[in-house]
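Two complexes follow with chain A in common, the first pairing it with chain B and the second with chain C.
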Partner chain A sequence: MKPKIFIIGAVVLLLLVVGFMIKDLFIDSPGNVNPYAFDLNSLRKGDTSQCMYSEDQQIKPAGSEIHGISTDASGNIYISGKDTLEKLDSTGKVAWIKAYPGNAECIHVDEKGNIFLGMEDHIELLDANGTKKAAWNSPSAEAVLTSIATSGKDVFVADAGNKLVYRYDYLGNIELKIGQKDPSTGVPGFIIPSPYFDLAMDPDGSLWVANTGRHELEKYTREGKLISSWGKASMEVKGFCGCCNPSHFAIFPGGFVTAEKAIERVKIYDMKGNFVCLVALPESFEEGTKGLDLAIGAQNAILVLDPVKNLVRKFIPKKKES
Partner chain B sequence: MQDRRSFINLFVRGSFLTGLAFLSGALILRKKEGEFCGLDFGCNRCDKSESCNLPEASLYRETVWQLDPAKCIQCGRCATSCVMTPSAVKCTHVYAMCGYCDLCGGYLKPDTKNISTAAENQLCPTNAIKRKFVEEPFFEYEIDEALCIGCGKCVKGCSAFGNGSLQLQVRHNRCQNCNQCSIARVCPSDAYSRVPASKPYLLKGIEQDSTTAPKINLGEKGV
Partner chain C sequence: MKTLRLLIFLVLLSTIQTSTYAIQRFPKPEFESGYTQPQTLMPHGRAEILSYLDVAVLIIALTFISWVIIRKRSRNWVFWTSMFSLAYFGFYREGCVCAIGSIQNVSLALFDSSYVIPVTVIAFFILPLVYTLLFGRTFCAGVCPFGAMQDLVAFRPQKLGTRLNAILGIIPYLYLGLAILYAATGTDFIICRYDPFVGIFRLNASFGMFFFAGTLLVSGIFIARPYCRFLCPYGVLLNWFSRFSRQHMTITPAHCIQCRLCENSCPYDAIEIPLTEKNPENRKTRVKKLIIIIFLLPLLTFTGGWTASLLHTSLAGVHSKVKLARQVLHPVKDEKQAETFEIQAYKSSGKPEAQVYQEALVVLERFKTGSWWVGSFMGLVFGLLIAGKMLKKYDPDYVPNKGRCFSCAKCVDYCPVKPEKN
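On to the complex of A and B.
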């Protein structure tokens, strides 16, 4: 009997050792956490109590690669992208779709309905029906045109490649270069680490430019004089995160709408730069989404162009609970 | 009967042990003659790897381990799974891609309240990144390779919030070039592969020729 017990004991011991080896090699125990794991998911969880908007509509554009969005005075929506240009009415119904060869990175529609397209390194001007009227000369070989805005007879164009804003006339002549570093006038110069460089017109006729590397919005006169600026670098919701944000912004009555990359979020600030609320939380977007262009639609709805999901997403204020 | 049983037991055990000894001796002798490498020794531990004609040895001589930054998910295992302590994997800074940001996602913890070099603000667990003011608002970040343990936290922060100029690479002044890389075995994204020794780095964002090593502190041995 004794040898039998010994053999059984040895077999059990052997099985225990093999079992322990299998567990050690192939099964991660909960306590065996990698001390160097860096979890960024917590940053992507926004505070829902600060979100005052909800998604009302998703518009699927005809183009498969979309980059820019703009609206006209009637609330019509214009979407530019690769090889396609389209116009939708304020409800998202298609007005027209045109094949437009090239990569239109940004789009702007002026008060008269003229359409400006930023074709990477030059501007193309179209009439209200999307028929090409003119193609302006490229400002330089390094130009990366990322945003367009108009005011009266001026056309302002942001160039991320040269880190400058150009003031054009309607014939395509550059009248002024804005944003060159000049300590004597207090112009700090634009710091643009990535090709996101947005601008928009203030209702008072001055120009707002996103100096993304400084995490600021800067206000300039049409002569290029710096008036004011606001913005703070921070991962917190009140600041702008990452290397270079806000990547896009738009002005609507009473404030700014901003969009960020890295922590994908859309926010509202008042005209003094005080944080008001969130429009869209980071979890609303795919991780790594960049290029959330913004426009203000009919009834001040916020239109967010989501290039990863290939959608135009409409956000409206949440209805207050009675 | 008892004596015969003991004799048989002893005979069987003796035969088994003798056979085992012959087998071991044969394998060792065969390896010495260079005909067959039957033991799972890494070439890095063999003094004949330079003259050996086995395919494993030529692979060892002509290629080195490297990780592809495009596949790397910065899981942290490069720091814990390498046979070297600290790991042979180090953070490499591709200056050509760097935005020289003030709010550097690779240098600062995400919940940092103030942007400063205070220890509590630094993401790196070993203080291996040095921040230097260049000009307003630019800062340069340099990796102290002697302190870097290859955890990849800075790489993840830079990829998430910046241009991805911080990248993990196997540094060949420390790598033992094991036949089976212990990090490659556990890498969840299969980022490790053998690359030609003449082009030992796989950095994103810069063109390299065979003589170019990343601009980093090469440590005591150099490359």
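On to the complex of A and C.
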């Protein structure tokens, strides 16, 4: 090759360097965004073949800001939120709507129809008609009550602020604090990085708690003894990812229903914690949706409270194609 | 020597590790398994005594290389000294502190009284200039790690020709002007930002930085020392100082015998071809040229200053305060496009919009003045280059151009003349 070609090539490269400097210095690239941002887009694309449920019904509640959902033994649906409490029948027909001042972050209806509301830092007890019977003392100034479950004479309440589960009696007295870190008994303590801390009763009377920071569900006796746990941190659909998931869960015959944030999805696991299927794919929800509270409705329908769309969404198993 | 250079370059190349792309689970998980996380320790700053050691090494290296070039006239010794400098100032000191970047520290210290410039940085700025004033650009020859790095890859250097050399030779002046402007206004240290070899010295850099260095090194195979000749802003200062050097490396140790053996020996086109006074210009022509230059210099200086002052808003756009004000004034309308870091930080700061504009206006005013200076400087440089072309210097011998010559001593081996014995 002639030297001239070398010179031209080398000069072009040199000018390329100068051009790069000028571009970098004076021309703002439109994509000047966080280069370290975690791109969840690929993970948000759920595998439809793993989804065994379909959305059957969307129920529009009366309240404009909804937080909690629960069902009673008859399949009636109770929805709590800001300044509103409502009861619907299993088909979504309104039974009653009450103005209820305050922000009821969570709701639970026991076997007798008593309604428990978690009013951020304390519990309020209502009768089956939604009339207030009692307001219990706040366990502490830092309390952020996020979930309630009952079993016999016990009322279990999850406190995300103090990272504890309280066992109350029906008079509002705290009998036991569960989940305090204790290396001598092997209780690892709850890691709750965000105000999503759910619990539910196992059919055998023991308590399941979502230790979200560990991406696990942990099973405790009513005395607070850790029996077992399942769940693993994973970016795969079988695991839980993000800082703290599952944000919500519910127990239905034969398994668990879980809801996650960051990658918004609803899944089913069997009682041993094996992944069964997806109920709702991430694309079913608005990006950034948090607080997908769950309840089990009539005929084991899965009720998902969608606070962003302000809907209660009913999912039922897909009909098998003949 | 060529094989040796290739070998050293390949060894250096093999040590480079590009950073691996890794995805971390978001955000950092919290551990409460009883494991006590060790307290994060900040690495201690470099001991002050060691920074003085750097200055001592610089003085020793400059003294030694100057002796090697002026007295010993040995290319081999120059090469090995430059390899030592590459190892010490390049790989051991990871390219910092460096004389080239010190221009910015000095500029900032001159214009910002709150900035305290370290003594070692002043030493790294001044010492090479002092030695250049005494012995020519011996710093470039054997102490600057940038030069050493580029010397390793100059396998097939080509002559660029006077015109191309002159055109590309403008870039360092512009780079120097902008580097001083941006440092003095507290905008950015652009010399460090576009330091091509720091990634190699630190064996760690982004792909872009390695690509930047790689492009320069590939061009350096055919254009010897492209950074030194056509980019280095410190080289501009060294060029000026070297023109007035007390002693300078000579091609011949005695009298030039016009054998022309050295004519093509310089890979940097820094040997002046003899220009004898066969047809000397008459006095009238020279006076006419001088008058033209006297008028041209202030005209070009003013035109340069005025032109650059028109561009001051574009130049100021690099400053973070001006950039923010523009983004606040013209917010992104596309909702899908994420907000920049600057806008996010501004929104969370609660700073009033008027204050953002006020701060940007202060910066713009400073740039208006600074742009005048940079433009005037560039106009003056143009004028002096034209003057240099118009007023030819007559020299019957092959001599190094004192400004452009790196004193690398590559040409001395070509000279058959033996030193005269006293």
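Note that the second predicted complex is superposed on the first by the 283 of 322 C-alpha atoms of A that agree within 3 Å, B and C clash if a C-alpha of one lies under 4 Å from a C-alpha of the other, contacts with A are read in each partner's own complex, and residues count from 1 in each chain.
As a working rule, contacts are C-beta pairs under 8 Å (C-beta built on N, C-alpha and C of every residue); 3 or more make two chains touch, one makes a residue touch a chain.
The shown structure was predicted, so the numbers you read here are calculated from the model rather than taken from an experiment.
Shared-chain residue A:A135: touches no atom of chain B or chain C. Of the two partner chains, chain B is the only one that A:L43 touches; chain C does not reach it. Between chain B and chain C, C contacts the larger number of chain A residues.
Touch criterion not met for A:A73: it reaches neither chain B nor chain C. In the superposition on chain A, contact is made by A:M235 with both chain B and chain C.
Of the two partner chains, chain C is the only one that A:L25 touches; chain B does not reach it. In the superposition on chain A, A:P183 makes contact with chain C only, not with chain B. When the shared chain is aligned, no partner comes close enough to touch A:A95: not chain B, not chain C.
Of the two partner chains placed around the shared chain by superposition, chain C is the only one that A:L13 touches, whereas chain B remains out of contact. Contacts of A:S194 after superposition on the shared chain: chain B is touched, whereas chain C is not.
Taken together, the two complexes place residues 34, 38, 188, 191, 193, 213, 233, 235, 241-243 of chain A in contact with chain B and also with chain C. Remark: chain A residues 3, 6-7, 9-11, 13-14, 16-18, 20-21, 24-26, 28, 30, 32-34, 38, 181, 183, 188-189, 191, 193, 213, 233, 235, 241-243 touch chain C in the complex. Taken in their complex, chain B has these residues touching chain A: 74-77, 79-80, 99-105, 110-112, 115, 123, 125, 136-138, 149, 151-153, 156-157, 160-163. Here chain C touches chain A in the complex through residues 23, 25-27, 29-30, 32-34, 156, 158-160, 164, 168, 171, 190, 194, 196, 212, 215-216, 218-223, 226, 230-231, 314, 317-318, 323, 337-341, going by the rule given at the top.
Across the complex, chain B is touched by residues 34-38, 40, 43, 188, 191, 193-194, 213-215, 233-235, 241-244, 262-263 of chain A.
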